[in-house]
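Dropping the structures in below, format is structure tokens.
The same chain A turns up in both complexes below, where it pairs with chain B and then with chain C.
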Partner chain A sequence: MNNAREYPSTDAGPFPAPPATIEDRAGRTVELELATTETLDGLVEMYDAFDPAQRAQGIPPSDPERIKPWVATILDGGVHVIARHDQSVSGHAMLVPDGGGAFELAIFVLQSYQGAGIGRQLLEHLLGAGEAASVERIWLTVERWNTPAMELYRSVGFETVRADRFDLEMAMSIQ
Partner chain B sequence: MKRALVVVEAADHVDVHPTEGSKEITKLAGELAAGVGAELVIMHVTTEQDYQDRHRQLSSMEELDVEYDVDTAARGARQFAANVANEVLADIDVEVTPVGRLGEITEKVYSVAEEFECDHLFITGRRRSPAGKAIFGDVAQSLILNFEGPVTVTTA
Partner chain C sequence: MRVLVGIEGSDESDVVLRNAIARAEEAGDSLTFAIFAKPEGGQDLDTIEAIVSAAIEESSIDAIITRIDDRDPASELVAIAEREGFEQLVVGGGRDTPLGKRYLGRITEFVLLNAEVTVRLER
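What follows is the complex of A and B.
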């Protein structure tokens, strides 16, 4: 990505940091915690179970054999927060370093856990973990049809910074 | 598809090695063209910036006494396209015309497509974001929106 991206001049936050225990709208107790390399298998399991119809912009990979290498690559750096319920991973939010001093945000919530408020909690705790890790600038791309995701991003402080591409680009500043 | 245009890119700034994506899309286009009896035009565009850089470097080596001008650059670009075709399409029965141009890529793609009456465009234009998302580059996006015909884009 190019470095010409503009970031909002006002910082958003502060945000809650993990670990945290929350109850979702379906009454499930969900743990939000930082991922470690030991989380790799749990994450692979979650992405294996992910509904292919909900893949966005090519991830998670459609080829099952490419899921583990992809997860291993992104887990190698950045900030990762997972949602855990009944010992299995039900959500994953990440800040991946872009090599230019900023971080790309991506978030996935397993289908059976969607619509219960986990996404917002996961997102806020990821931003809190980002603050703790001295992350300052965050961006993401989102498909134009994905209004619910855009609304969620906007509600935590993201602003649309580029709208002239196929995928909308949003950015935020924290700290 | 009667005549498809394939745009190949170099992995370096001296037009020596093609990108893996360029080789893959050339093979894909070759197989599809062979299947329907279509022809291929394989083109490479050397950018003005790369041309200027090379020109400066070569003129600074006076003892070499090489002539590197606009025509040499275009011939080099054509040779690059021909090399990719030779390497990738050796086992595929398809008629190939290599083309080289110097200048701005989208502009040259349109002029070559018109000149050779190409009805299908093959480009490598999707990049991977740090998180692994497939994202269209600006060139790919512009070509997809403006090319008059089907455009096949692969992930680089």
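What follows is the complex of A and C.
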């Protein structure tokens, strides 16, 4: 990706850190917690159940065989927050190190849990966990048509830093 | 089929090079490799030409290598394809971000939007 990316000069935050217990708009009690290596199977289960039509730029992989290796790879570093309801994982937000001192962000919420405010809570708690882990610069890519996602990212402090491509790049600073 | 293959000397180009040769061996395509250095730096043209020549040597096909020494290689690549009547233009089909999202490089985006010939993305 673009190493010369510009980051907002103003830091956003502070953000709430996990663990936290929230009630979503459907009245479900949802636990937000840091992922551990023990979360691997729960995450694989969530991504197995993920609607392929809602994949973003090729992830999660459509081939079930490739889901576990992908989850294991991304869990290997960075900051991961999961949403848990009834013992199963319903959402995952992550900051994955990009090798250049910054972190790439993504969020996935299982279809049956969408539209209940879990994505925003996950995002805010991920940023809180990022603050605790001394993360400073964060970026993401989002498909241009995905207005709801862009609005959500903008509302927590992301700014569009590149808009001349098929997908759009946003960045934010915390701490 | 007359196929023009864009090679810029990246990991993505390695896939393009391998796949284009493999398909040409099967389908009898006549290949021309248009090589160019990435505008943001990386392998130079001599290095890229050596890699492509070696791959052709090892294969059962013959192919032409042509250099694009232009500050805007994507536009020149499209121009060559159209001017010289190629039937297909082949470029890389994307790279992955650290967390695995696929994105298309600048060259590929330009080719998709601007080429009048059929475009094939190799993955």
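FYI, the second predicted complex is superposed on the first by the 175 of 175 C-alpha atoms of A that agree within 3 Å, B and C clash if a C-alpha of one lies under 4 Å from a C-alpha of the other, contacts with A are read in each partner's own complex, and residues count from 1 in each chain.
Methods note: a contact is a pair of C-beta atoms (placed from the backbone, for glycine too) under 8 Å apart; a residue touches a chain by one contact, two chains touch by 3 or more.
As the structure is a computational prediction, the values presented were derived from the model and not from experiment.
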For the three-chain model obtained by superposing on chain A, do chain B and chain C clash or fit?
-> clash
Pick one for A:Gln57: touches chain B only (first), chain C only (second), both, or neither.
-> both
Now for A:Asp98: first (chain B), second (chain C), both, or neither, which partner does it touch?
-> both
Give one of first, second, both or neither to describe whether A:Asn146 is in contact with chain B, with chain C, with both, or with none.
-> neither
A:Trp70 contacts which: chain B (first), chain C (second), both, neither?
-> both
Determine, under the contact definition given at the top, whether A:Ala106 touches first (chain B), second (chain C), both, or neither.
-> both
Of the residues on chain A, which ones does chain B touch that chain C also touches?
-> 1, 56-59, 61, 70, 73-74, 94, 96-99, 104, 106, 141, 165-167
Could you pull out which chain A residues touch chain B in their complex?
-> 1, 56-59, 61, 70, 73-74, 94, 96-99, 103-106, 141, 165-167
Contacting residues of chain A [partner chain C, same complex] = 1, 56-59, 61, 70, 73-74, 94, 96-99, 104, 106, 141, 165-167
Please name which positions on chain B make contact with chain A in the complex.
-> 126, 128-136, 138, 141, 155
Spell out the part of chain C that touches chain A in their complex, as residue ranges.
-> 94, 96-104, 106, 109
